[in-house]
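Heads up, the thing below is written out as structure tokens.
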């Protein structure tokens, strides 16, 4: 982003100071949170005390351990249908992480391919792809997602598809910029001269250079995707019940925030924790790979 | 068009107003929090929400009272002069708020307006049998119908009278931008998506309202709406969510005003989808649903269980001999097994979210109960546009939920299963015949008998699962008197008084 | 020079908008026939015919698109289905409320965010930095509609300081503006912090410091002016986020802006209004981006080379 910066090696000139919030801390804490969430998702059947979908209307909206109205066995209380909130949150991590990661992978794939092609081919191809990316930048991602979910209907596959398509240009721009700068480097020109095709150049020279940047961008995008799923749920365009995602637990709890605040609050805290962890991990990785890289 | 005041310029007045209190403290302002807000004041949009705003300025010949019976309004009396002609005697000496007198010409003009297809008038189909209206004299109107049409009077409650002289001058656009009529309130300001402000009509024939202004504000979210009531920002709110009744009662500032509506909440089968073409399967589902438990836990005892028919207990044509089937999951399961039901059949339940009291909650609870006997039921809560689109091509999937209004008369409700109603794929020739017969007689006893038989047929065939008669719940500040919850969700504000 | 740049960028604007229009058009046609959805269930065949004609739905789809484009050139999106009046007017009437909310939120986010970022950079790796940075990252992670409800509960229900929702005076603006600002604010803290830290390591700053400039003076004369650019360029990117956030925020607080109008119109399949609103939002974003770029060029001549 900051093309006006001259490259500098001055970071070593900075005083060596003990950092409270170094990259290791970020990667460690962020990675740990993500790992816990992933483990929860994988081992949900072992961890969850109840079936997440089993209702018990007699036990609707009961608070958890902090209250004397709590019902034994429901540590975090129950939801609107008397389902165990803890179990739903544990199972909910599955779809939330799946949607976040899968849509990130999809958009990274589309974006990277588009970016590399634009960077390698140049000319009209570049203009077409990059102007299209620009146009989509002027189109808020949530708006595209709303329109598409309204058209296609909300299920996990559609949601992943929609979120994936709504963010590809973020990767396209980053990858395009890097590819362009690499194409002019001697080693790529040499490879071309010796008859290495586009695909060879891409695999052998460009991908390894682009990968670290992609990893950073992709990590931060997972956080965005998880939040996006939440926002769609709030607008009534998320995954349908009885599927549990943190987004739909939160948005359902939100309508009862004044009488059963624990539902929204625990779901909200789970989301904050996970997204915060992923963001930390992403920022840590960014500092690790390139302390000078800014922008998103 | 006459450019309405830009919202931005309204905002520049902001400093004159402090913390939600109106600047002109001398004005006595009633604030109403509306759940559903129409997008326009265009006459004839046809939703209850838009009707509720329109009738503040424009009255009908007859209005439904709180329980749904037609009461004299702009017409004082009426009679059938022929089986196909109804004569209305109009209230004399009533003036529109611009001072022009209300006469028979206005009624004739309004009927013509409703019938003009260009106007896309929502209630047009409800008076489709009308061939035209003629003025007998200044205060008498005859409305003629193609055939005997017993529900004409009730249908006239759907048609607010438009002032002919004004409508001809300003057109539909003017009527929409600045409605004007004989009602208790006068248009002041309309901010789409936010609020509607009206001033009191000091010369109202029914007695001037006891306050100066009413602001009807949209507050779509249920908990925010209750918050506005409890914090005193609004004196009356529509549609208190059932789970928040407790919060309202406990607040000490407001109470809940409830009335049974004529809406029957039903889950209708698509009988073209196998195995739901089998009445035994449909009946089995009925046994699987614990309606009393849902009524007690989700509806908190508000409303009623439908007696295995479309009509609520108060509606004309309700059949007292039919009772709801008991909850018997074992029997349900056994019946399904006997019918050779494939338990892997996906059973999506299609519903809108927030259209009716606790709609999604009820669907989810029912899906859970069906899951308990091994039926693979899921809930598909979609937004209004999608729901409507699927309704129009009649591809609603195995089950879909709708609240169907009878407006107090079997005629309107029973359309649901007719071919002309274009609502369900279930079809019965007998039902069709009885419906036509009921519609073509002015003998009320005979009509009731026919409705009873139709209900009995539907009980046997179960084209739908009949669930609940829903309540209409208003939250009302304790200082407010003279407000009554209405079963048709139309706001009646003229008699409201408050401290 | 600058003029040529602006002209070149403006030349691309119609292309962007054309793509936006095409995308909206295609997606909306996928969502089903608006006539079916819009007309009352008791509709008569005559009403269906009248509306089909009005929306040109009786023509083949490419012809529909051409008509749509032709009208677009005249700024005409057609008559709204649910409101009386042209779709463009309906959207424009709501624009004021959106600009008011978005402008206030952006102002709050920039001022507080940049201040926070400076604090973090100056006291890098001290307690203040750790606290502000972590709050900022946590703020990035918070679903805004949940924050909105929590704010309503605390400030409107518990303390009775502010109204719960709606539009009107300044008091009504406070909670929505805070909610929307919270979506952007953390990003500004972090971007300011990063830019400043980078600059502090730059040669010219180090030189200035070695010439005896105090830390504060170096900050004011050398660092801050150079940090304006990265922050500005970031602001350009954030306009999209701001508009997207306003859709959610307006829905929470029943704020009568374009965002809520849009959601409402999508649910009611008011095709002309959806098209006009999407167009309005896209144009706003594109023009804001252009404005930001031009501003950047004026401030920093080096960019003109690009």
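Order of writing sets the labels: A, B and C. Residues in every chain begin at 1.
By definition in this document, a contact is a pair of C-beta atoms (placed from the backbone, for glycine too) under 8 Å apart; a residue touches a chain by one contact, two chains touch by 3 or more.
All of these numbers come straight from a predicted model, not from anything done at the bench.
Enquirer: Using the definition of touching given at the top, classify the network of chains in this structure as line, ring, star, complete or other.
Expert: Drawn as a graph, the chains make a fully connected set, so complete.
Enquirer: Taking all protein C-alpha atoms shown, work out their mean, then name the chain whose own C-alpha mean is nearest to it.
Expert: Most central by this criterion: C.
Enquirer: Of the pairs A-B and B-C, which shows more C-beta pairs in contact?
Expert: Top pair by contacting C-beta pairs is B-C.
Enquirer: In whole angstrom, what separates the CA-based centres of subunit A and subunit C?
Expert: Between these chains, centre-to-centre, one finds 21 Å.
Enquirer: If you average the CA atoms of subunit A and of subunit B, how far apart do the two points sit, in angstrom?
Expert: Comparing mean C-alpha positions, subunit B is 44 Å from subunit A.
Enquirer: Measuring from the mean C-alpha position of subunit B to the mean C-alpha position of subunit C, what distance in angstrom results?
Expert: Centres of subunit B and subunit C (C-alpha means) sit 38 Å apart.
Enquirer: Could you tell me which residues belong to subunit C and also touch two or more other chains?
Expert: Only 31, 149, 153, 157, 251, 266-267 qualify.
Enquirer: Which residues does subunit B have that touch at least 2 chains other than itself?
Expert: In subunit B, the residues touching two or more other chains are 221, 223, 227, 383, 385-386.
Enquirer: Two or more other chains touching the same residue: where does that happen in subunit A?
Expert: As it turns out, subunit A has residues touching two or more other chains at 150, 257-258.
Enquirer: Which residues, counting only subunit A, touch subunit B once they are in their complex?
Expert: Touch list, subunit A to subunit B: 53-55, 57-58, 60-61, 80-81, 150, 153, 236-237, 240-242, 255-260.
Enquirer: Contact residues on subunit A for subunit C in the complex?
Expert: On the subunit A side, the touching residues are 1-6, 8, 10-11, 13-14, 17-21, 131-132, 134-144, 146-148, 150-152, 223, 227, 230-231, 234-235, 247, 250-251, 254, 257-258, 261, 264, 268, 271-276, 279-280, 283, 292, 294-296.
Enquirer: Note which residues of subunit C are touching subunit A in the complex, please.
Expert: 12, 15-17, 19-20, 23-24, 27-28, 30-31, 124-127, 129-130, 133-134, 137-138, 140-146, 149-150, 153, 157, 187, 191, 194-195, 198, 200-203, 206, 229-230, 233-234, 237, 240-241, 243-244, 247-248, 251, 262-263, 266-267, 274, 278, 281-283, 285-286, 289, 300, 302-303, 306
Enquirer: Give the list of subunit B residues in touch with subunit A in this complex.
Expert: Listed in rising order, the residues of subunit B that touch subunit A are 221-223, 226-227, 241, 243-244, 246-247, 293-294, 297-298, 353, 360-361, 364-365, 367-369, 371, 378-383, 385-386.
Enquirer: Residue numbers of subunit C touching subunit B in their complex, please.
Expert: Within the complex, subunit C touches subunit B at residues 31-33, 36-37, 39-44, 46-47, 49-51, 80, 82-85, 89-90, 93-97, 99-100, 149, 152-153, 156-157, 160, 162-173, 251-252, 254, 256, 260-261, 264, 266-270.
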